[in-house]
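These notes open a run of structures that come right after.
Each of the next two complexes has chain A plus one more chain, namely chain B in the first and chain C in the second.
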Partner chain A sequence: MIRLEPRQERSSALSIAAPVVAAIAALALAAIPLFIAGAPLGAAYAAMFNGALGSQFALAETLTRTTPLIFTGLAVAVAFRARLWNIGAEGQLYVGALAAVVVGTGMIDAPGFVLIPLLFLAGGLAGAALMAVPTGLKLKFSVDEVVTSLLLNFVVLLFVSMMLEGPLKDPMGLGWPQSEAIVDEGTLPVLMARTRVHAGLILALFMAVIVHIVMARTVWGFETRAVGSNPSAARFAGMSTSMVMLRVGLVSGALAGLAGVSEVAGLKGYLTQDLSPGFGYSGIVVAMLAGLHPLGVVVSAFFVAAVFVGADSMSRAVGVPSYIANLTVAVALLAVLVAGVLTRYRIRIQKPGARNV
Partner chain B sequence: MTGSSQTPAQQASLALSISGVTKRFGNLVANDAISLDLAEGEILALLGENGAGKTTLMSILFGHYLADEGEIFVANGEGHLAPLPPGSPKAALNAGIGMVHQHFTLADNLSVLDNITLGTESLLKFWRSDRAASARLKELQENSGLHVDLDARVGRLSVGERQRVEILKALYRGARILILDEPTAVLTPQESDALFATLKRLTATGLSVIFISHKLNEVLAVSDRLAVLRAGRKVAEIDAKAADRALLAETMVGSAVQPNVRRAHIPGEAVIVARNVRAPDPRGRQTLENADFTIRAGEILGIAGVSGNGQSALAALICGLVAPQEGEIVIAGEPVRRFSPRALMQAGVGRIPEDRHHDGIVGTMRLWENLALEDIRDPAAQTGGFLRQGALRIRAKEAMSAFDVRGGGPETEARLLSGGNMQKIILARVLDGEPRVILANQPTRGLDVGAVSFVHRRLLDARARGAAILLMSEDLDELLALSDRVGVMYRGTLSAIHPAEDMTVRRLGLLMAGHDDLGDAA
Partner chain C sequence: MSDLFDIITAAAFWSAAIRIATPLIFGTLGELICERAGVLNLGIEGIFTAGAMSGWMTVYLGGDLWTGVLVAALVGAGFGLLHAVLTVPLGLSQHVTGLGITLLATSASYFTYRIAFPNVSSPPRIEPFQPISIPGLSDLPFIGPALFQQTPLTYFAVFLVIVVAYILARTPLGLAIRASGENPAAVDSQGLSVYGLRIGAVMAGSAIMAVGGSFLTLSAFNAFFFEMIAGRGWICIALVVFASWKPGKALLGALLFGAFDALQVRLQQSMGGAIPYQLFLMLPYVLSILALVIMSRRAAYPNALMIPFIKGQRS
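Moving on, here comes the complex of A and B:
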């Protein structure tokens, strides 16, 4: 008989080991679909590893992919800490990108050190404004923010599509639904020559540190953690839970908005409807893998990015669908949820009929 | 309390035998080779401080935990002891062990009958044999005196009635051994007496009872034998007739317990005054109807009442969780204009919440953080929005040694503390600022003898310093011991307030049950 018994004390070593083990388990479990697809396993894993980390170029690609995931991962981690279930990072990313394109394609003529901060400011404000809607509805009318923030993603995508077909459409774009390009002054510098890694990564890492400091060392972080883990005790102690929630919602939306700015101004140069292959949703996995810890988000964003980039090159090398990447990331999420249970409970195996002596 | 207790059938056959049960959690030995016998028809009281191992032992008995060592034997239908398969709640139920938890496990929307038969019938059956079930229950009620309307919706029943339903449920399932976990915590003294009478009737027909309680008076009144656990070991097994309160308290704690005495003194000027206050209950229960009271400096006003009679509305009001619909509250001469937890704290009210897990403590945060929960925005706690962690940790260390908090340091997560130590953390937080007014709502609920004595001492210290204290408690002995004056809440109305010296537990009980104060106490 297998039983779960609650642990008296959660060890911190275990809570770090759990997501690592979960990630390894997810990679190992990817062998099953690979095997079914008939791929040579050794070659497939080798291609995956080399594609993600095997060369300077591969590493640069992985880091490029890591950048937006850090932003969206932070956005989700901050919100989930306060038990505000923001599933709308994808939409907030797109409005952030949209704001960057509006401001950065010639509306303002300014040098880079002015324009670039302005782009991020605009994107952050746009993301915050979008998340203010579900947060406000939750606080005012108790509307479930899971539903509203999720559904807003589709509204935003259609809105972006409308803008790209209409007012923001690039007249020189040969009819493609894409915006004009961000002006040179607004483009983020590349960090490594002949790669696509851009300064957005620096900002992402910086934000991770800032969020960590805010959560761990400030009154805001203190109140967020209190409201997130016991709202009635927080209210009893005199905190305004709705103010805290609203603040968290705005910060979360802003962080996701930054992801959009970073992608447009650092990588793509202009806005299209396929700017994000689901970075907002992957942000949820990133945050959960990180145990909602801001610095952990950096590590888990890198892992998730590596799986995606590696799976891409694996699919080219051994001819399996790159959907394996989605599968692996999904399994990683499930594995980390299971691992979360195991950090709180221990498994006892009892042979039926056996007497304990 | 009930009168003389007749001994159970002398040397009756055993109903239950626990033999050498040991249970370890890591380094902690929760149960250390405990052996305990329960005779047929006997009421055995299980005593011990929090963390002494009572709950662990009962959880092993009921199959929720596996013992590391030892065995349990239960008498089968013919009265022969048979080993109980470990780790199986189902086996425990089949062996005739029934448990009534402190928090009832009833479905409010279903009738009494449905609640009792729930889960006893096959899922594959299409129709239910209500008639057979209710006939059997009627018979059970006749024999036990547990009278409840079987067709009533459980949501409409009083707490005492719900407890009867829980006991009926256990009996209906064929319980021959009944475990009652703190059964009187929610009852009036009269209801408790009725429960004890029922237990006596049931044991006369062969039922065996294990009775877990903190209230030493009633333990002595109702049980035949007492077993005391301390730090996982059984330290005493006493015949109830040979025991007294002082002896029991000493055996539980391991050292003599000093009784706290309220010294008479002349209270000062009025600190908090309520005038014709009407206030809603935050959870939509009984509202508070035109309450009038004054508490002066250095005075404790005790409020008794069966849970759900408007005390929670009064508490919520003083905590700042609701605003009065009529009337006013005046603190130190200033009418309170804004009602929020922060506003009341600023007016000088320290609040000890009724439910410490729900309202008092953030379990996943550290102790130094929990101690700073109420004043985190004060300049002493932060500079420019950054926490003054060093200062807060030092303050926590001092507060924890002043209030004798054990089981961790400032960095320990609050959820790991025992109930008594959690309450000390809350006391430290509340009393640290020397508030003018203190609301103590069930301040000792679920605490062990040592912790209760500590809380009482601290409240009396605050009284001596000149605080005005509003004490709400279900423990009437505590209420009468600490309070200068007492009042009773019934259906939202506060009774006339009497000096504690003129009150007795019986008279309070009558008022709590809604009888007019006829003055025929004693």
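Moving on, here comes the complex of A and C:
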């Protein structure tokens, strides 16, 4: 009989080792689908590494991809910490982007240092407003927020499509459903010449630090963690768990909304229906790999971004479908969950017939 | 308004509603079995995708249609086993694991499809299930064409609802499954294995979900498309709550939902572009959320849903 026995103390070395082991395991397991696809393994991994980190340009592409993942990873990490299951970061990202193009395509004539914060403010508010729906339904009617936040992703995507074919459609867009471009004053500056890395990355890193400080050092953060780890104790200590949940929901939605603004104003310039290749869902993986730690999110977002960017190169080099990236990332998520068990429990092998005590 | 009356009194409308409901019947039934045993299965969206892809691929490679359904069921059971092992003996978060299963099953399906067809402009097709008329019944006026000229998997879905309802309500196995979801310690004290029951229920439920996915590629359509599941799995999760975890009500809920969806499509056509079509397409999702809100006050979740069972430990 194999039994799991809780460890008395969680070693911090193990908590850091767990995601690293999971990430390596996921990359190693990617060999199986690569083998099935008939790709030469050495060349495939080399192409992946070079494509993600092998040159200044590759690194810049990875950092560009890291930016939205930090925002959505933070959004998920904050929510999951309070056991609020926000799976709607994808939708919140899109309403954030929508708000940015509403405000930023000529509605307001202002210099950059006014307009850019305004765009992020609008996007954050839009994301928060969207997440207020599942959070409110959870608190008011105890409706499971997983399903509502997931279903809202589909509603939002259809809404975006409706806006892009209707009021927000670019008349110069040659019939494509896309918005007008963000005005120059609202466009985020590029950080490195001849690359696509933009100032959104700075904001993402800044937010990670802020979220870390709030979670680790303030009453807000303490309450969030308390509600997540032991809601009845939190209530007993006089905290209003609903207020904490609502606050967490709004902050989480806002963070995901910022991802949308950053992508539109920093990278794409205008809004299309394929702005995000699932950044909201990847945010779940990023947050879990980070152990829900805000600074860890930066590292895991970089890892997930590298997998995606590297897989694109690998796909071109050895002709493997780029879905290999999604596959690797999904395995990484499951692997980190399993690795987490090993940090919390000891595996004991018991002789058959021995009594449980 | 007379439009609306014309629409819902047409036999073709009800026939379409039942067709749309079929994958949801499978999905809701499968999820219901998992949840009755105490395990939330958010892998459903991915298992639908895997069932749709593997069933279709089997037939495309020369298998017959029922072999396709069987392969889909086995693939579904496989992902179910993975979900169950991670959430039952290891006791991992059912939410996060389920989402992980969805990401894994979806990407594995897309990856496999892309390996088989690296660059196809139009998806390859197969010869799908044809409608079967039930002798005698299908000649009935109105009811005949509405109910009794469906494809075989639809009849199978209804049959499965009856079987599952019977097993859950009337057999010792059903009692044991329900008890694992309500009071696992009691099951354990009877000398039954909670792990075994839960793992078995999740595998069976996942197999049924996957068959629902295969209905889309083997019956409703004749090809596999990316993003074709389009949230049907999540809708099933809402329908389980709506159905109060009862197979009969799950059937009714799925049919009601199918009727609304069929109505939405027809209204969209009869409005002729006066209202943006996206608003109609939103209806199924909005409706699911509303159903959850309406039922939430009465929702009696299985007591031990999402609570891992650890032998010898009181929860």
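Going forward, the second predicted complex is superposed on the first by the 344 of 357 C-alpha atoms of A that agree within 3 Å, B and C clash if a C-alpha of one lies under 4 Å from a C-alpha of the other, contacts with A are read in each partner's own complex, and residues count from 1 in each chain.
To be clear about the criterion, a residue touches a chain if its C-beta (ideal position, glycine included) is under 8 Å from a C-beta of that chain, and two chains touch if they have at least 3 such contacts.
Since we're looking at a predicted model, the values are computed, not measured.
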{"item": "Contacts of A:236 with chain B and chain C, given as first, second, both or neither", "value": "first"}
{"item": "Which superposed partner A:114 touches (first chain B, second chain C, both, neither)", "value": "neither"}
{"item": "Greater residue coverage of chain A in the superposed arrangement, chain B or chain C", "value": "C"}
{"item": "Touched partner set for A:148, first chain B, second chain C, both or neither", "value": "second"}
{"item": "Chain B versus chain C as contact partner of A:209, first or second or both or neither", "value": "neither"}
{"item": "Partner chain(s) touched by A:341 [first = chain B, second = chain C, both, neither]", "value": "second"}
{"item": "Intersection of the chain A residues that touch chain B with those that touch chain C", "value": "356-357"}
{"item": "Complex contact set, residues of chain B against chain A", "value": "25-26, 28, 65-69, 71, 86-87, 319-321, 340-342, 345, 351, 353, 358-365, 369, 372-374, 376-377, 381-382, 385-387, 389, 416"}
{"item": "Of chain A, residues touching chain B in the complex", "value": "1, 3, 5, 8-9, 217-220, 222-223, 225-226, 229-230, 232-238, 348, 350, 355-357"}
{"item": "In the complex with chain C, residue positions of chain A that touch it", "value": "4, 33, 36-37, 80, 85, 87, 137, 141-144, 146-148, 150-155, 158-159, 161-162, 165-166, 281, 284-285, 288, 319-321, 323-324, 326-327, 329-331, 333-334, 337-338, 340-341, 356-357"}
{"item": "Chain C residues touching chain A - in the complex, by the definition given at the top", "value": "42, 82, 86, 90-93, 95-97, 99-101, 103-104, 106-108, 110-111, 114-115, 118, 230-231, 234-235, 237-238, 241, 276, 278-279, 281-282, 285-286, 288-289, 292-293, 296-297, 299, 310-312"}
